[in-house]
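Just dropping this structure here.
For clarity, chains are labelled A, B, C, D and E in written order, and residue numbers in each chain start from 1.
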Amino acid sequence: MITEALILSAILFVVGTFGVLVRRNAIIMFLCIELQLNAVNLAFVALSRLVGIDGQVFVFFVMTVAAAEAAVGLAIIISIFRHYESVDVNNFNLLKW
Amino acid sequence: MVDILFYVFAAVAIGSAFGVVLARTPVGSLLFMVSTLASVAATYVLLEAHFLAAIQIIVYAGAIMVLFLFVIMLLNLGHEYRRDLKAPLAMIPAFAVVGAMAGFIARVFRATDVGAGMMTEAGRGIDAALLEHGAVGAIAQPLFTDYIVHFEVTGILLLVAIVGALALAKRSV
Amino acid sequence: MELDFSRQLHYVWALLPEIILCVWGMGVLIAGVSGPAHRGEDHAVSEDPAFGTGSGLGWVSLVGLLIAAFFNGWLYTLDEVGRGAVVAVDDFRLFANWIFLGGAALSILISFTYVYRNRLQAGEFFSLILFATAGMMFMAGARDLMLLFLGLEVMSIAVYALTAFNRRDRRGAEAGLKYFLLGAFATGFFLYGIALVYGATGSTNIDTIAAVVSGGRAREGFLTLGIALMTIGFAFKVSAVPFHMWTPDVYEGAPAPVTAFMSVGVKAAAFVAFIRVFLVGFESVSDQWYPVLWWLAAITMVGANLMALSQTNVKRMLAYSSVAHAGYLLVAVAAGNETAAAGMLFYLLVYTVMNVGAFAVVIGVAHQGEERLQIEDYSGFGRKRPELAVFLTIFLLSLAGFPGTGGFMGKIYLLQGAAESNLWYLATILVLTTVASYYYYLRVAWYMWMRETTSEDQHDLVVTPLPMKAALIIAVAVVLYLGIFPSSMMEFARAGVEGLGALGGGLLGVHP
Amino acid sequence: MTIFSTLLTSVVQEGHGGGGGDFVPFLPGLVVLLPLLGFVINGFLALRHARRSADAVRAGGELDLGGPGERPATHTLPSLVGPGVMLLAFLVTLVNFVRMLGSELHEPMVVHYWTWIDTGAFHVSAALQLDQLSMVMMMVVTGVGFLIHVFSVGYMKDDPGYPRYFAYLNLFVFFMLVLVMGSSYPLMFVGWEGVGLCSYLLIGYWFSDREKADAGKKAFIVNRIGDFGFLVAMFFLFVTFGTLDFVPVFHDAPDALVYGGGLATAISLFFLLGATGKSAQIPLYVWLPDAMAGPTPVSALIHAATMVTAGVYMVARSSTLFALSPVGSATVAGIGVLTALFAATIALKQNDIKKVLAYSTVSQLGYMFLGVGVGAYAAGVFHLMTHAFFKALLFLGSGAVIHSMHHALHHTHNHADPQDMRNMGGLRKYMPITWTVMWLATLAIAGIWPFAGFFSKDEIIWQTAAFGGAEHAPFPGLYTAYWVIALAAAMLTAFYMTRLMVMTFHGSNRTGSAEEKHLHEAPAVMWVPLAVLAVLSTFGGWINVPEAIRESFLGGFGVLPMTEWLHHWLEPVTATAHHIQETNLGELSHYAPFGGGEVAWAVISTVMALVIVVAASRVLVRGEVKPAAEDAEPTGFGKVLYNKWYVDELYDRTVVQPLLRLSRFCWKWIDAFLIDGAVNAAGLVARGMGWAGSLFQTGNLNTYAFFFSLAALVILGVVVF
Amino acid sequence: MTLILEAIGYGGWALHALVWLPVLGMLLVLRSEEESAKHVAFWWSLGVFVLSLGLWWAFEPGWGGMQLASSTPWIPAWGVDYALGVDGISLFMVLLTTFTTPLAILGSYRYIGKRQRAFYALMLLLEAGVVGVFLATDVFLFYVFFELTLVPMYFIVGIWGGERRIYAAIKFFLYTAFGSLLMLVGILYLFMKAKTMLGVPTFALAELLQVPLSGTEQLWLFSAFALAFSIKVPLFPLHTWLPDAHVEAPTPGSVVLAAVLLKMGTYGFLRFLLPLFPVASQHPTVVSVMMVLAVIGIVYAAWVAAVQPDAKKLVAYTSVAHMGFVVLGIFALTLNGIQGGLVVMISHGLSTGALFLLLGMLYERRHTREIEAFGGVGRVAPLFATAFVITALASIGLPGTSGFVGEFLALLGTFETHPTIAIVASAGVIFAAYYMLPMVQKVFFNALEKPENREMEDLSGRELVILTPLVALMILVGWHPTPILERMEPSIEVVLERVEEAAAPVMEAEMLPGSETSHAPETAPTTSSETD
């Protein structure tokens, strides 16, 4: 079942990746990244069955990181929304080439 | 039984994950996300990580997702639907890439021998620890000994995040 | 004094500089929030920004860095017992700390007037720099992948915030968003890599990993995949082509002092961690990751240098330049021997100094803001402000790797590292792309010296307040000193790497 | 300074030059040094003078040299120094000559001054070689040179560049002396190119005139083609002998080189290329007629008497080498005889008095080549010497004529060409002395007994016959052809020279009635040298009277003073060559190809020449000549000759223009387009690639993430597989 | 003279002084007044020249090794020494540099109007760099100086140059840097090899010479080094940076560029290429390639020069031709050839330097360099014309001038080993006249038609002071080159011996007859061994 869980995590991970690739809404993109982190957590948990309790501890840290990122990330999104009145990344192309 | 449950939850998780990606509205995505998190939490339980499952629901689905929702509401993105998915044709290369990626990773996972079922030595160790310290204690024990430094750094991390969020999101100077 | 990490309290000593920085950062934050600068009433006062309101916090932060530096020096007197600890107390980490502290100090010095002019919140700004520095130091000292990751996050989150720090600037916000989303995206990969390495070896302790891996006890598939994913994560952080795409945008959009800070600090931290993880942890399976790094290095050097050729925005050009330097440093990682690692440390040091120096002048020309960043804006600069132009020329020559400057010695060091591992193709690519880089570095020089000003008052508003002058003079002095008398610093760098080998025990042929 | 004192004092005899009997050279360095000194003084004066005249030009006018006829003050010192140093040099030469006459000198005397080049593998000294050959040349150069210097004092009197003129002239003599006295090929080459330089400077003496400057340039460049041959020949010599000094080279040559071998032939042919350049032989003769753009005394000195004979001198000097190569020698002779005929034909139809003389010179040089080509080195040198006398005389005489014409035309502001013979006619009346001496020279060049040219030219023709008839002559039929052509050319010579004399001095005057009044005889300073040269042209041939002729009626049955004196005099120099010749060819023939001995053919040729002279003068005097302005272009074959067989045009089309086009092609297409284009393209491509690369940088986050993932996928793919 | 030298204790310190005094002078110039900067620079560089003159007497003519040598560790970890020394090859290059610099500075008094301090400071810096190149006996140090000379030249061309100065400057910089950086890789390879072989890191040339290299390695390294030096020389077809740089550079820049910077390339051939890679240097294919390129350069550059409308560009192309003779002489590998090459280097420095000075003076007067813009100048500027003609003649190698001695010896030496090539190259003497004389004629002869030319001033006193020593030296060297030749000879013999001896064993082992031409490098010193 560990392998299956890992494969599940892989699928969740690439679905998250897929979301980042195809969504233009910054919040949803970020949400997809959270999905990726969640997939990693699943991998940690699955692997902790294989090698020890430490993996579960790491999930803890990852969740904290996710929370921290959410705080800053959403703040940035709010900040940019103030400028563009939009969260569509297609609009954000002052910086290019 | 456990296996069947696992597959059910896995299916839900994957389906919800696709829902996150493909949902029409941000709120829809968010709800699918919660669903995914819940399903994953269920698999945590199946993997004997009960405490983490709880945390997953409480912290992740509960707190972080609410934060997202809050921001979506704040930015007034909840109602109107503006298609922000790429055109289907443009999605093909992206799909090909992630598909191949999944294939590669899965291939490695399938090729790696992890022993039968969950009855690895370490798994037994975890079970023992759970028995000895309880679900919380099993994690707390290493968390506050071996990983004390990590734990402290996590504190700093949160502080930084707060400072950063504060500095960025304040309305005026 | 010896540290035995079996008792956790010893970590307090081992992490003293980091702790001091964090505490100091909180102090600065509180001072900023409660101080007069925060009340927004005295921005109209035109006093010398060097000593003006809010800038006091800058000096305070510098003091904090100084104290941290002092304790970083003190750490040299310590020894650790065993290698199982999550925090390393080796010369490698301490050398890297010097780079971070120096880079942070220089970045703070050049940001005084910028902060003042752009009405940034000094308390948050400086404290975030301090926190980010602390994060870098955690990365450098981490002998545990998870701690490394947390350090990375502390650094990254602080820098994300700093990038978007100027809330009046749309470009800043855009840069912040791009950096954040892509950074988080890459974090996912990196973390997945850690997870798989953990799964493969059963530990996140680099030393243990090294032992397991070299003992052949790791799970092959997980390990390989984990290494690949970690490579991707690091490649993003060091902005190797093709993971560099955020770099030009972010460097261009971020406030210039922040750009300076992240171009030196983030990169240095990522490389230091890169070296420790790959050369200590995964050294014995180098045949797995070496080709990837080889190609990454080659593509990065070629791509970045070529793309930099057509840039007209100086900050963006320096961004591509920074990517190109990442390529040079990747050569050292690919070479993976002691000389290369030492060369990398040396180069990072030089790079920190010269790049911050270059950015200092850029900030000066940009009127302590984001105004005049096009290369045309430099025309006739040498005529109007010869001393600044000379400084910038020296920094550019050093970036280009010209004899007489530290950049040259650094490049030679890297090349030696590559040579020791017989990476002659990479060495050749390195020098050839260096030729291309001459073009865009010298282009700035030719605009400065060989063109006339477009208007009489073009450079009248260029100000270089005292702290920036100090930073410039320090930077020039270091660049030239390292270019002419590189010996002691080279040996110092070498010693740092030897420390890594002895304690981490993973360098070429020096297995424990 | 030390060099100068060295030149004067240190006389070190080299090992090879030891066999000089009791010959003690008298300050040979001084001979070279004196003209150099003259050059330095005159050069300094010239620069000072030029500065002043430049100031005047800048002020908008010309430097006032005083009234016409007066000798400007600035000209006094050069007038003294220029000829003065020549006189001294001649006297020193004379002393040496006398001493050499009184001694038995079998080996050349080499006077070493300083080491010029010493690389360790190659050594050459700055050393002068005194032997019979160089002595003859020195006498000619300094003697004739002195006379021409004197003549110039009169001729150039009104010229504003006077000091510069003498500076160049002195410098020329210096280099010429280095050429003939140098003890090694490199030193000879110094003189060789040095005289070329002076020739260039003097042809373009009136450099403000574009045509004259062009002519100088042409002379230099064409000469350089020859110099190329000289250089290569030296290289061959060096790799063969390890040295380029005359003495050891000629000493070792018979052993080191195989008779008729490829190496000897290569050496001689490359030397020949050098000689054709300097001595204006086919195919490099084209510069000499143009060289007439220089002042006439220059033409006399450089382009008749001395420099152009350097090629002959060189072949004579290298006689050993040429003797070793029958092919080389035959080529020398062939080129010579062809040039003799070819130039003579052109001279038939030229109207410019100097052009006629120029082609005549080319033709006569051809004879000299023929002489040295058939092993008659002494005869070649002999003709060189007599030619120096009579051709210098002819040139100076024409100079006097031109001088007179110029003054006459100048007075009436007539822009007619003072050198065009069609504008002359009947000058005998105004210039009796000139007329006399020039007739003497004409008879000499026409080869009429007993003038100098008779003996020298006849000997060459005879030797050709004798050589071709030798026992083992290499290409017997060829020499017969040479002999016939040489005879024919001699007849042509008689004709065109008579034409020149008649057009210039006889018939009615065509200058114009107003101008006629101003025609006058040359002043004494000009005609005295003419007279001296006339004496030499008349009697100079007696120094080398062949025995057969001396004992025949032509020699008054022994009345002529000496038998083959020059031949004997030069014997030490040519001995080796003669020895080689004897060994390989056997005895020379005593009969001409169609029978007849030496005397018989001498008589035949002189009679024929005389007949031509007389007949031509009768016919031509009666013929109507129109002044240049009214004259029509010649037609038919005459036009071809008039246009010099169109050789200049041919060269222009086949060499000059193609080279220019090639050069432009190289510049525009190869250099600018291809090479530089590639360089710039490399830069452009790099920038273009960079630009294209940065196009991925769309600013769109999805794109960035996509490329990130793509790259990640590639990395994963690489490690997984 | 020797007594004076002994009295002041002339010795190794003088070499260091020659490198560092100009740097000191640079600081002095920067500190001086704008107006007096040129005087400071001139007198200072003259002082440096006087100091360098002492080398002439302090130098022991009979000895071919490094003299007055000294060595101090600079970067001990890499075995880099700050090591200077002088031998018969570098002696004249150093003297040429110190001799040319004051003249170039003096020649720029009128030309340089703006930012004088900076200009003269850069000139002195350039001098320091070039002297360093010629004196360094440590390869690393050499490389540092070699690169360092680029920067001042870049700015001299770029700031004080003509219309297209920036293009020219960047082209010069990139082109030459391109070559030298590849050489750097070669140097590092040598270094690694030496380190493995000797056990200690070292960059000292004498030590690197001990490193045995296989034939293949030699060919690769030879290519890297030869590329760098060939670009510098410049050898056809790597020459296109030169005309641009020369035309755009200000007079003193052109002078120094032609007189000494180009020599760094040929000097590199002699100092490094031949001794370090004797086998490759003797490899028939290699030698043929180099020689053929040199010959093409001689003839082709002459052709191209002949049709240039710009006098300065014309002279620039002649440099390519002249340096072709040097390369030819060097790769002849004969005493005569190399001596000749060195003399051509000196002669080219004198004559081309003087030509550029003269053209600069012309430009100062008329503000154009178009040949067609002149005509008849000889009438208003006779001294000028005289100096120009003498210089031009020296440049085309007229006997009696320095040019002849050099070209003759170089060709002679070449002929000893490669007769055909020498013959073709000798044709260069024809083409030399073909490009130079028309230019001389069009500028100084012909009718004085244009009124602007009528106003032209003749040489001033200062200009006379500049030109006189140059012209005098051209003639002196033409008539009495022995003192130069005898000082060079032992050092060249050392090189030649080294080439022959070191080549012998490898030749025997690897280059048996028949395998020579097809001796393609089988394995690059690269990926096949790329492991950690």
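What to note about this one:
Keep in mind that, in the parts below, a contact is a pair of C-beta atoms (placed from the backbone, for glycine too) under 8 Å apart; a residue touches a chain by one contact, two chains touch by 3 or more.
Quick caveat, the model's predicted, so the values are computed rather than measured.
With steps allowed only between chains in touch, the distance from chain A over to chain E comes to 2. Top-ranked chain pair, ordered by C-beta pairs in contact, is A-B. Comparing the centres of all chains, each the average of its CA atoms, the largest separation from chain C belongs to D. Here the chain at the heart of the shown protein, by mean C-alpha position, is E. Averaging C-alpha coordinates per chain and comparing to chain E, the farthest chain turns out to be B.
Look at where the CA atoms of chain C average out and do the same for chain D: the two points lie 79 Å apart.
Here the spacing of chain A and chain D, counted between their Cα centres, is 96 Å.
Each chain gets one centre point, the mean of its Cα atoms, and the points for chain C and chain E are 42 Å apart.
Rounded to whole angstrom units, the spacing between the C-alpha centres of chain B and chain E is 70. Multi-chain contact residues of chain C (touching two or more other chains) are listed as 146, 150, 153, 157, 160-161, 164, 167, 176-178, 181, 185, 202, 224-225, 248-249, 439.
The set of chain D residues that touch two or more partner chains comprises 683, 694, 697, 699, 701-702, 705-706, 709-710, 712, 716, 720.
Residue positions of chain A touching 2 or more other chains: 6, 13, 16-17, 20-24, 26, 29-30, 50-52, 54, 61, 65, 68-69, 72, 75-77, 79, 89, 92, 94-97. Of all possible chain pairs, those that touch are A-B, A-C, A-D, B-C, B-D, C-D, C-E, D-E. Within the complex, the chain B residues that touch chain A are 2-3, 6-7, 10, 13-14, 17-18, 20-21, 26, 29-30, 33, 36-37, 40, 43-44, 46-49, 51-52, 55-56, 59-60, 63-64, 67-68, 71-72, 74-75, 77, 82, 84-86, 90-91, 94-95, 97-99, 101-102, 105-106, 109-110, 112, 114-115, 117-118, 120, 122-123, 125-126, 129, 138-139, 141-143, 146-147, 150, 154, 157-158, 160-162, 164-166, 168-169.
Only residues 171, 174-175, 237, 239-241, 300, 303-304, 306-308, 334-336, 339-340, 376, 378-383, 386, 393, 398-400, 404-405, 408-409, 411-413, 415-416, 419, 422-423, 426-427, 429-430, 432-434, 437-438, 441, 444-448, 454-458, 479-482, 485-486, 489, 493 of chain E touch chain D when the two sit together in their complex. Note for the complex: chain B touches chain C at residues 105, 108-109, 111-114, 122, 145-150, 153-154, 156-157, 159-161, 163-168, 170, 172-173. Considering their complex, residues 683, 686-687, 689-691, 693-694, 696-697, 699, 701, 703-705, 707-708, 710-712, 715-716, 718-720 of chain D touch chain C. Those residues of chain C that touch chain A in the shared complex are 146, 149-150, 153, 157, 160-161, 164, 167, 170-171, 173-178, 180-181, 184-185, 187-188, 191-192, 194-196, 198-199, 201-204, 248-250, 252-253.
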